[in-house]
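Next come the structures, one after another.
Paired with chain B in one complex and with chain C in the other, chain A is shared by the two complexes that follow.
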Partner chain A sequence: MQTVKIVVTGPFNAGKTAFIGAISEIEVVSTERRITDHSQSTKEQTTVAMDFGRITVDDGLVLYLFGTPGQRRFDFMWEILSEGMLGFIVLVDSVAPETFHEARGILDLFKNYSPACYVVAANKQDLKDAWPPQDLRIALKIDSDVKVVPCVATDKESVKRVLLELLYSILETAEE
Partner chain B sequence: MEKPRTQLMLERLRALQATAPGIEASAVVSVDGLIMASALPAEVEEDRVSAMSAAMLSLGDRIAGELGRGTLQQVYVRGENGYVILSSIGEEAVLTVMARAKAKLGLVFLDMSRAARDLEAILLET
Partner chain C sequence: MALRGNLRDFSLTQLLNLVNLAKKTGALTLGEGNSQATVYFREGMLVHVFLDGQASNLCNLLERVGKINEAQSRLLPQEARSDKEWGLLLINTGLINRADIIEAVRRHTLETAYRLFTWTEGSFLFEPNVLPPDDKITVLLHLENVILEGSRRVGEWKRLEKELPDLGMALRFTTRPEVRLKRITLSPDEWRVVSSIDPSRSIQEIAQAHSLTDSQIRKIVYGLLSAGLVELVPRVKPISAAPPPKEKVAPAPVRKGIILRLIDRIRRL
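This part shows the complex of A and B:
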């Protein structure tokens, strides 16, 4: 049995906790706390340490999913959680272009932590004003060899597709 | 209204440090990791301490729950040069205390729980 550690990261309110919650076969270990500063957001809760979920792909492969907090004051957790990861997913809120710059910054930091494979997931594609993945690629200046996958983090099938795309990328890199 | 509350909490933190000689620094932090009042040395980065306190307390809370230890009362970290102790103040805040290696822990715990009770009252009243 092989276990693979995958980190799910991205800016505040990108949908990281929902992403892991949609696919995990165990009850997610989450650390959400009530937001006290409501000038920043309309959201009720935010992750302050990590999310942890697990998904068995087949008899030989289990994915451990670690979600990071999105707010920069928790960046010490980013480094801790990135240790030993085989791949990571940068979730982007496709209806919040003001967060694209932060998403790019987080992406660069994680690339810096480890040479692991990654994909970008253009989340909230079910919303009317969502930027399409190809526009996100341009806005975030994503390398042409990196996948930008459309995503709806609350939909299990959609989350599964993002994870599979990442696994294919990891396999391709391993074969090279 | 903001100012008097911070001031009240700060006074309570200073009183805590005055009664318990082992305590070097203390702070009140919101559960989502923002500083509410602090009596920390100048070289300590408030924002990092507050975020770390919130993260650690939330993990401690999960661990205590998952392993059947009930509601979390305290998280205790011991390093070569001393202790960092976190305890919750009601549902909304965390008391973070840094203590010397030679501090009398029993006294520190006692003083902390008294302070946490007072700080909870301050948070509820104001």
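This part shows the complex of A and C:
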């Protein structure tokens, strides 16, 4: 049985748990803990370890999705998670410009960990004040050859589209 | 789609850069304390600024920038009229010509815009396709120079330090094709820095070479970055002196067949 891994990362409250939950065939395994710091007003619980989802492709292949802990004090986990990954998705909360700077920092860190392909998912596009993907590209200084994909992490079809865009990018560089 | 946020999280420089690169048309309303300003753009160019409490009409504006004096202003009929009507009246009375009016509006627009760079807290709202009132005299100003000069005037050490925390990084010229170098004007210090750009030299080394303080080099580099002229890169050390780089963890080699199986499965979910 071959396994491959895709990492879903992004700032706190970007929607990583929902993203994995929307598409995983198993109940997402996550270690949520009650928040004890200033973030409490935004979310009562957050991912302190990691989310873990699975998609069985066939008898010989399984895709695992790993969500990184959303808070920077757990960033020691990120490098471990990035080892051997097929690619990664940076999820950005499109209605929270205060997190864009952090999203960019996380993106740079992951690029530093691994040369793997990645896409940026502009999440929460269903909300009224969402920044459109083309503006997020400029705000986050995303290279023109990197896809910025609109996303609603609670919508399975939207999540599928993000994953497919990542896989299409990986396909371009994969071996015959 | 409107863009909302707080200047604390997304600075005016970043907003102008966004408007410039996306060639947006619309109105950006900023609020800081009791002050409010509205900046208008047409296809990524600055066309008009309105700041609460500033010159209310063209006549006041020309007086403020010294194009006409108070005595001349008093001689003019004082009934309400649009800026374009004021302009026509002033030209017809021979007090000023069209070029002077345009230059005064241009200077006023720029000076007002520069003042806004000191606003680091407060709300912003960008509403697309909102243009200034028809009666206003507008100008067309390239945002690259506005960003450069505005950044020169920012003088906020903390923000500069936040934006550019590591002077050990190096600079390289951006490869973005949309940057229009010909229209950008640089101060002598900026030229000195630009002439020293080399991925093998850290920003700190460039500062030392030109006797610039940390604050001065940060301000210059921040302006160049904001205008999109340069970008930050890790310093490339000379090959002979370079220690072996830390190896990135490469993804496991994956064959196209596996990716195609993954694609097929996800499509069918």
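A few remarks follow.
Keep in mind that, in the parts below, the second predicted complex is superposed on the first by the 162 of 176 C-alpha atoms of A that agree within 3 Å, B and C clash if a C-alpha of one lies under 4 Å from a C-alpha of the other, contacts with A are read in each partner's own complex, and residues count from 1 in each chain.
Simple rule for what comes next: contacts are C-beta pairs under 8 Å (C-beta built on N, C-alpha and C of every residue); 3 or more make two chains touch, one makes a residue touch a chain.
Being a predicted model, the structure only gives us computed values, none of them experimental.
In the overlay built on the shared chain, the residue A:Leu109 is in contact with neither chain B nor chain C. If you count the residues of chain A touched by chain B and by chain C, you find the higher number for C.
In the superposed model, A:His101 lies in contact with chain C only, and not with chain B.
In the superposed model, A:Leu171 lies in contact with chain C only, and not with chain B.
Look at A:Ser82: by the touch rule set out above, it reaches chain C but stays clear of chain B. Of the two partner chains placed around the shared chain by superposition, chain C is the only one that A:Leu61 touches, whereas chain B remains out of contact. Judged by the touch definition given at the top, the superposed model places A:Leu163 against chain C, while chain B stays out of reach. In the superposition on chain A, A:Pro69 contacts chain B only, with no contact to chain C. Across the superposed pair, chain B and chain C touch chain A at no common residue. Every residue of chain A that touches chain C in the complex is listed here, in rising order: 2, 4, 23, 55-58, 61, 63, 82-87, 97-101, 112-116, 129-132, 134-135, 138-139, 156, 160, 163-164, 167-168, 170-171, 174-176.
Residues 29, 31, 33-37, 46, 48-50, 69, 71, 73-74, 76-77 of chain A are the ones touching chain B in the complex.
Within the complex, the chain C residues that touch chain A are 1-6, 8-10, 14, 17-18, 21-22, 248-256, 258-263, 265-267, 269. Within the complex formed with chain A, the residues of chain B that make contact are 30-34, 47-48, 50-52, 54-56, 58-59, 61-62, 66, 91-92.
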